[in-house]
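Here the chain labels run A, B, C, D, E and F in written order, and each chain numbers its own residues starting at 1.
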Amino acid sequence: MNSPVVVRQAEQPPADAVVALEKYGVSTVHEAQGRCGLLAPYMRPIFSGATIAGPAVTVSVPPGDNLMIHVAVEVCRPGSILVVVPTSPCTDGYFGELLATSLRAYGVKGLVIDAGCRDVKSLTEMKFPVWSRAISSQGTVKATLGSVNVGVVCAGAFIEAGDVIVADDDGVIVVKRAVAQQVAAASEQRVRKEEATRERLARGELGLDIYGLRAKIKELGLEYL
Amino acid sequence: MNSPVVVRQAEQPPADAVVALEKYGVSTVHEAQGRCGLLAPYMRPIFSGATIAGPAVTVSVPPGDNLMIHVAVEVCRPGSILVVVPTSPCTDGYFGELLATSLRAYGVKGLVIDAGCRDVKSLTEMKFPVWSRAISSQGTVKATLGSVNVGVVCAGAFIEAGDVIVADDDGVIVVKRAVAQQVAAASEQRVRKEEATRERLARGELGLDIYGLRAKIKELGLEYL
Amino acid sequence: MNSPVVVRQAEQPPADAVVALEKYGVSTVHEAQGRCGLLAPYMRPIFSGATIAGPAVTVSVPPGDNLMIHVAVEVCRPGSILVVVPTSPCTDGYFGELLATSLRAYGVKGLVIDAGCRDVKSLTEMKFPVWSRAISSQGTVKATLGSVNVGVVCAGAFIEAGDVIVADDDGVIVVKRAVAQQVAAASEQRVRKEEATRERLARGELGLDIYGLRAKIKELGLEYL
Amino acid sequence: MNSPVVVRQAEQPPADAVVALEKYGVSTVHEAQGRCGLLAPYMRPIFSGATIAGPAVTVSVPPGDNLMIHVAVEVCRPGSILVVVPTSPCTDGYFGELLATSLRAYGVKGLVIDAGCRDVKSLTEMKFPVWSRAISSQGTVKATLGSVNVGVVCAGAFIEAGDVIVADDDGVIVVKRAVAQQVAAASEQRVRKEEATRERLARGELGLDIYGLRAKIKELGLEYL
Amino acid sequence: MNSPVVVRQAEQPPADAVVALEKYGVSTVHEAQGRCGLLAPYMRPIFSGATIAGPAVTVSVPPGDNLMIHVAVEVCRPGSILVVVPTSPCTDGYFGELLATSLRAYGVKGLVIDAGCRDVKSLTEMKFPVWSRAISSQGTVKATLGSVNVGVVCAGAFIEAGDVIVADDDGVIVVKRAVAQQVAAASEQRVRKEEATRERLARGELGLDIYGLRAKIKELGLEYL
Amino acid sequence: MNSPVVVRQAEQPPADAVVALEKYGVSTVHEAQGRCGLLAPYMRPIFSGATIAGPAVTVSVPPGDNLMIHVAVEVCRPGSILVVVPTSPCTDGYFGELLATSLRAYGVKGLVIDAGCRDVKSLTEMKFPVWSRAISSQGTVKATLGSVNVGVVCAGAFIEAGDVIVADDDGVIVVKRAVAQQVAAASEQRVRKEEATRERLARGELGLDIYGLRAKIKELGLEYL
């Protein structure tokens, strides 16, 4: 049963895995972990060029009410990424420059919010990265409780406190804490393999040959006219 | 009953209120006027960085027909913001570089259109700001009448001629003419208050404490684990 | 009846028409060819500022499966624009930096995809232009056939191999191969006419007068108050 | 400036106009009043076959909070139609069988809500008609104020207390109180005219001839092949 | 180049193929012709239970303007299905009871419209079937030309005059005239095969066995826990 | 890390809790478990009037590929509800009459699918209930693996094998297996309480008084005019 709660402590992922995942970026990590964990593509960065990774502090909020974001700041730690999800679809501007100032004072790396964000000009100047579903000035109240560090579904992905969030220009992905190390290693392998492939493709070799697809398309019965 | 009409004169808002509102921007004004008047977040600027405020010249147009925009130019005055709304949802490109050239010749500051806009590269080079629901080359005809300076609903907000439009990277808001002065004053107060809050947050104080929320969350029964 | 096929050769449009259409851009070409052929406005460039035109190589792909893009590379030629359409709506990231490297090696100018694209940071650095309906890291498989160079409906427009695609910041348009020359000529005429109009509008003349609309609005019964 | 308020009394439309408008239905009334006032087509009845008309009691509610609907019941009177609008887009289920029971006890004819409705099976059995943008069980809280009988924008239409709402299987329309009588008369005229037209069309006469369109299409230059 | 035109005559599909396709319905025909030709699923019937098939009379209309539907009636023949497509996205109610009365007088079987429809209660009583993207009372004008019996893209499918439209509760599909006979035959085969399969499934046999999928899932490496 | 797997056994919820939850329906259960677990309102029944509850058998499928549904049938048991989720958004018609025949042979109560369904006329005649995001004939292939009885996010809700699904005309909700008993009990309490409230409301008492809201709205500062 669902009642408002704040979980102060969440198990954290290995620090080196976080560093590695930030380096590889969303698309590589997505492939490396078996094509799962991606948030819906409507989650877009408010400015381009930022790449961040860090353990999630999750916040479940009522529609149009940002009281719990204020509660959540206190349980963030340096390197955290705040993940905010309304309990029903909402585009209100829960978050702006003042909250970013507060999060930055606590070392939080950025925000992922399945709702709206405002003060985008100031946030861009501050270089505080946000991935959101909307940009909206619509203000929120501080009247109703929600929960911090419980499991949430954000833009179609299930996220628990301490899971690793990776976000860049391609979008946002969650890597479960327990496999973060393993996914980081698989990402490294994938990057190496892609480097070799890139060179061959640049020289004019075809993916059909590099990936050995000619036999497959023949077997599947593709007809050339 | 609804018949095509052009209202040549509309009462104008106080000039100093317009100047002030332009300075404070959409999110501040929205909070200051009690969280109302915001246009839907699908209204986005075609380029970032512009902030404008001015009295609305409203235009109600049929879908796919921009005849009335040409009619409206004549009743604009320096500082006006043109607000164009189709009578049913439409993404056609009613507006491009030529109309912007014409509006600029009349001193119009920018366009808010609940439809499409085209020639975005040229408009960006001209620095003519437009907030629209779509970018689309789809051309329009000049066959059917509409109205100018009547009340319209634009992206969910009711706007009358002479109301103040404020638009920036966060979106677009309407301030009713009659309260423009009052909202400008309230915005000024809000900005001052936020400056103090920003400093405290930057030093690591929590919103929970600054806004006195600890008692409230305790009363509401939030449980910490 | 529909079975997987690759058409190796498609008739090509006149080279000089392609050069001309690229110069005029989407909005001008759209008006010049009688306001048809535009793709839906949800097709957006991943970076702004690019304008390309070229003959289409069309690819019909299953949802979530990019096998046929690899097949299509081989039938591209310098100057081609790849047009990729899933057989049902899909936002998966069919295309990224590696495929762009391969296409560039074959002289392909850019991609129009009614689905998702990823590696947008790399693609932007490579200056490989893409117009897509989504940005998404979601990976695809290589399991099922589709077709190359058959007629496709892309974002609401019917496109055949060898038709001319024009794409810029305003969107994407298709010009049927058979009328490319004629549309290029009409675009040239339109541009000249617009130059004269632009100057008159900049001096403060009204569209109402330039386009001779005063008689029409009077006849239609517009009332001025 | 916007602060929570309940307006107890609103001027009411002429009772006979309401009776007439209910008889003619949405599409006829829409044409009769000059094609304005229609709510967006996403507003759908939860069951088909109901037609209602009555003066609006308007309610502006926060997202996810139905406190003000309870407040509004008290100012309804027999024949009222309740019009509920969230201050930002929301699909929560603000309304169900219990509130319908309460409204029915006060003689309210039905509900128009730009949000969600639940208990649709019970409401259908009760024959309590609702037009909504969504069906959703998502519950709401009772924590924050809104306003009753102020002007609202509902599904794109501006509605004031005492305006006439007409709703049927085609959708929902608002007729401004001041013109209700006039629109009812124009609807009656339209219905009579349509009866004659219907008979002629049923006999095989063409709209082209009945509406005198042949000259127009010739003048506009339509070519027959 | 695009100019308004009415093509009076279109080649018609074999009558017996039309009869057969109507019998098999959309889902069977879709599979039988190789999974192509389906219109987007937002095209829904205004009442359930109708199944129709017939040759298309296509109409390209401007947004918010139904002049060309009146023009099209004259070129319909008994058994035709009218297919109406706006040149840009539009939900206006182009079509209602009067036009249905007119079409019925000409023997037209039904309407497929990638826009809005109104008078749904009357149309349901008349049993005149319509598949549309919206139900909307929003009226249209009669001011601008379009074309009849030219190729159109309707809800994502390319349709030419004389192609066979099949529509039922599952949606709408187009079968190209040239393959109508062949698709009808393939549909018949499919139906027979499905009857046998249905019986086996009803007895508790598994699709895994009937379709011989066990080897495949083993080869693909599915792991059972 | 994500690899294709079928979990044959899942812990099951208490049978009497399932029986009870089916009796109370979605809206009551939703309130009783603290307003969580609801699937997005785009999940609609293909026919109205059905209410079902049962333990979930979850299926994660690639877009446009229903191979794993065939795999899943074998692990269903009498009373199961099949929950199918594509790995990226898809409206294809994964499911029709044949699969329903197969599931019924295994005692499956119904289907919840975050994609498309077809053969709705036959399914309605069979009284096999389906909740889906779309109705679409678009066929699927059987080429790629997915997983059965792993955790999935379906229409915004996290569902694990053996969780209880409740579905009716109001939508679909998931009750976690571990709290099913407790939620059933809370639902019973809620129903009893509502019965009393319903009677009072029907007599004309106000929710303002029954729920004790008058003090609250006074404290919050609501102004009556």
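Keep this in mind: a residue touches a chain if its C-beta (ideal position, glycine included) is under 8 Å from a C-beta of that chain, and two chains touch if they have at least 3 such contacts.
Since this is a predicted model, take the numbers as computed values, not measurements.
Touch-path distance (fewest steps) from subunit D to subunit F is 1. Common partners of subunit A and subunit B, by the touch rule above, are C, D.
Taking shared numbers over all numbers used, the subunit B to subunit C interface scores under half, which places it in the different class.
Inter-chain centre distance (subunit C to subunit E, centres taken as mean C-alpha positions): 27 Å. With each centre defined as the average position of its C-alpha atoms, the distance from subunit E to subunit F rounds to 31 Å. Per-chain CA centroids place subunit C at a distance of 42 Å from subunit F. Chain contacts: subunit F has residues 3, 35, 87, 89, 91, 136, 138, 144 touching two or more partner chains. Of all possible chain pairs, the ones that touch are A-B, A-C, A-D, A-F, B-C, B-D, B-E, C-E, C-F, D-E, D-F, E-F.
Partner subunit F is touched in their complex by these residues of subunit D: 3-8, 67, 70-71, 73-74, 91, 93, 96-99, 101-102, 104-106, 116, 118-121, 134-139, 142, 144-145. If you check the complex, the residues on subunit F that touch subunit A are 1-3, 33-37, 40, 87, 89, 151, 153, 156-158, 179, 182-183, 186.
Looking at the complex, you find that subunit E touches subunit F at residues 25-27, 30-31, 35, 38, 41, 44, 48-49, 168-171, 173, 194, 197-198, 201-204, 206-208, 211, 213, 216-217, 220-225. Taken together, the subunit F residues at the contact with subunit C in this complex read 62-65, 87-92, 136, 138, 141, 143-144.
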